[in-house]
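Chains here go by letter, A, B, C and D, matching the order in which they are written, and residues are numbered from 1 within each.
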Amino acid sequence: MIIAGPCSIDKHFIPTCLKVAELGATHLRAGLFKPRSGASRWAGMGNEGERSLELGLEMMKEVKARTGLKIVAEALSEEQIEILYDYVDVFQIGTRNQTASELLRAFGRQDKPIILKRGMATTLEEFIQYISYITYEGNNDVVLCERGIRTFETATRNTFDISAIPYLKQNTTCKVIGDPSHGTGVRDLVIPVSLACLAAGADGIMVEVHEQPDLALTDGPQSLYVEQFAELMKKVKAYGQIN
Amino acid sequence: MIIAGPCSIDKHFIPTCLKVAELGATHLRAGLFKPRSGASRWAGMGNEGERSLELGLEMMKEVKARTGLKIVAEALSEEQIEILYDYVDVFQIGTRNQTASELLRAFGRQDKPIILKRGMATTLEEFIQYISYITYEGNNDVVLCERGIRTFETATRNTFDISAIPYLKQNTTCKVIGDPSHGTGVRDLVIPVSLACLAAGADGIMVEVHEQPDLALTDGPQSLYVEQFAELMKKVKAYGQIN
Amino acid sequence: MIIAGPCSIDKHFIPTCLKVAELGATHLRAGLFKPRSGASRWAGMGNEGERSLELGLEMMKEVKARTGLKIVAEALSEEQIEILYDYVDVFQIGTRNQTASELLRAFGRQDKPIILKRGMATTLEEFIQYISYITYEGNNDVVLCERGIRTFETATRNTFDISAIPYLKQNTTCKVIGDPSHGTGVRDLVIPVSLACLAAGADGIMVEVHEQPDLALTDGPQSLYVEQFAELMKKVKAYGQIN
Amino acid sequence: MIIAGPCSIDKHFIPTCLKVAELGATHLRAGLFKPRSGASRWAGMGNEGERSLELGLEMMKEVKARTGLKIVAEALSEEQIEILYDYVDVFQIGTRNQTASELLRAFGRQDKPIILKRGMATTLEEFIQYISYITYEGNNDVVLCERGIRTFETATRNTFDISAIPYLKQNTTCKVIGDPSHGTGVRDLVIPVSLACLAAGADGIMVEVHEQPDLALTDGPQSLYVEQFAELMKKVKAYGQIN
């Protein structure tokens, strides 16, 4: 499970996706609605008005048709779940909504897989308990995603809790993936931490890739260049052969 | 602004409220819907079925009529906002939903004051930015509440960030209150930390009080006995005289 | 117990000390040896060579003679304990050395009071256990100092754990003081957090004051102006009258 | 660089060391002096009196002679450095002493390699700066060890900061190793996190192994069984072949 693509949908979305698809990605990230820490910040094409929203959805449809890959997208409300429903294969619950229990229930009523990202201050015990908000509603297809927690360390955007990978594998029946892009926030740390995830037993990784990271509207500094993603995939394949 | 009462509505709700009202509380806590870290846990009378929900609402109505005090209650979804609307004077956004931006927007569309509790991993800078999700929708009556953050310390349930009180006062125009019950999680620390809040410039405090804490369905260990609340109020009044 | 003065001894040391003495300080801070996070940083007059060391010691002697106040100074090694012995009334163990158990034993062999500052990642339970390294050697005069812990919050230099004050008072027989200068790292937060310490039951506070904070060689941004210290002392006295 | 052995020297020390040596360890852990969080706890054979100390040193000598491997041991004071000097090949500075700058200088005056373990609350930037206390004294042979930091997570003893491995490799010229035993505190997480370290670019790992972990006087729950160490070494070797 290699989920890759730009952080948010912009005009580089389709070309970047075509490249990562060619290099071996299995799923594509499609950031139509972006969670931000303030209402005045750009929050994705989905929040730019009707026309941008339509355009974003069309781009998702096109890229899915051209690559045949599955589309992963985050929804922040029931309304967004409905808008996205016909265009996505996997829903993502972002870290900022992981403890929003009533929203989790809404995802539990969907018939598509859910990637549940760990909250920034959620203990592993709690994380496991929160799964029940989804499963109690009938949806048992939950993938857990470690994406770093908040600590005193400032060299990285978050502290990637590598122990979470084997802990969640040992204590749940869910698939477990890692997101080293958010987990480190630093492009040059993404490859080594991605490999660490796989070595620790992860079922996959989610990484941000952009054909021109400097032009990305969100998360540029942590997005891999396409060449770096190629290098990562090469190493991932080598690693796969010893397992 | 002294917000007091049991953590969740139970059969001790009315008698406890009558007592804290007599002792000088200005607002009453009414926990009809409780956020919990797992779907299997008791989540308040509001989640026990139609009849319990109705009964809880009636109790809120009665206690308001008998004390004349304002009612503060948490809602975890737009649906719960609607249910509570006619019964509450002030809405509360809980710590687990503080970063759920779309839910914040829904509160921004209400015409009642909002208490926004700080998320467990939210920096003060971010906390200030999140206010905009409410104010951009037209509701400018936001009260900020420091309730402790997640740290390595285990002697207390959270680490109460006392600096948040003056920092938020200096950097926003909002009223700022403290919640030492959740901020410490330890009954015997609630009085000293409440007084510290006021000394640091807080506009009020929110404390859990229960006539029989050992029987409380939630947060018993951090709930004050009524006599302790009486002692706290006495000290609060003495403190008020020097300011 | 109001311990005040510049962070480190420099040419403003004596005039600043005379002023804080006049305003009601009970102890003077004398930073001859400064712990720094790298060997290339200025580490106090005590580390500038024989002549500076002598000069610093003379300044400590003079200021003690002129004010009659007690001198508090940090030592980072047994050698520094010996150098300082005749000039100080109270030894301080800094936060960076709080878990250096063999050094604590050396302080335990002294016959002067010890201020033990909490380590940045030390739980309250552990903090209490570390006292034994001092007391087992025979020195029972230990004052505990909360000075903030490391958390994800960046608006303040550390997160001042206000709950530590009542917790340590309730669980030890030691005096407990707070250091809001290091606990916040922000000048404008020092007064409110100092008052919070006293309201929470602290036996005293330790604050950095400098007659010209902009010229301070260390900790300028968190040092109070003399006028601010005057304001603080006025409030401290008003507060004292209600207790 | 595979450093293995019991946490502290006890009667299982020699047999355990012989086994890990046979399985491919390159260095042996020899815990003669143990840092503990209180003076009343057992602190290693080195602190049990003259005779135990002598016996412990003899065991170190014997195991070195029989295996030909290098001995790694922690010293907590200058005095302990002297006692250990003739018996060890590599000194270790423990996490609790990492910020004890004057002690670091003492290690800087030794002519043997130093393993510097990261403090529980030390940022990576600070960690790099602290190296200078050793190198300024003339000792440039410093190995950095990530061993987990203090966070809110309680499922693990510490949070192993996997990003530290590539960050320190990219920003220093030192060798970098990981200690998953302390980094997780949970036996069953040690193997996956060890492999993650190597995948992330570590130059080695340090792991606790005990022939009967239930009988270990310290750190039993995080010590690998000998069979687990055998399994780890098998995987380490497989991993080595793809690099």
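Going forward, a residue touches a chain if its C-beta (ideal position, glycine included) is under 8 Å from a C-beta of that chain, and two chains touch if they have at least 3 such contacts.
Everything numeric here is computed off the predicted structure, so don't read it as measured data.
Chain pair with the larger contact count among A-C and B-C is B-C, by C-beta pairs in contact. The pair C-D is the one among C-D, A-D or B-D whose contacts match those of A-B for more than half of the residue pairs. Subunit B and subunit C have centres, each the mean of its CA atoms, that are 36 Å apart.
Chain centres here are Cα means. That of subunit C falls 33 Å from that of subunit D. Taking each chain's centre as the mean of its C-alpha atoms, subunit A lies 47 Å from subunit C.
Counting only residues that touch two or more partner chains, subunit C has 121, 149-152, 154.
Remark: subunit C residues 150-152, 154 touch subunit A in the complex.
Taken in their complex, subunit C has these residues touching subunit B: 121, 123-125, 149, 151-156, 159-163, 165-167, 170, 183-184, 186, 188-189, 192-193, 195-201, 238-239, 241-242.
Listed in rising order, the residues of subunit B touching subunit A in the complex are 35-40, 76-77, 79-80, 96-97, 99-103, 105, 119-121, 126, 129-130, 132-133, 135-136, 149-150.
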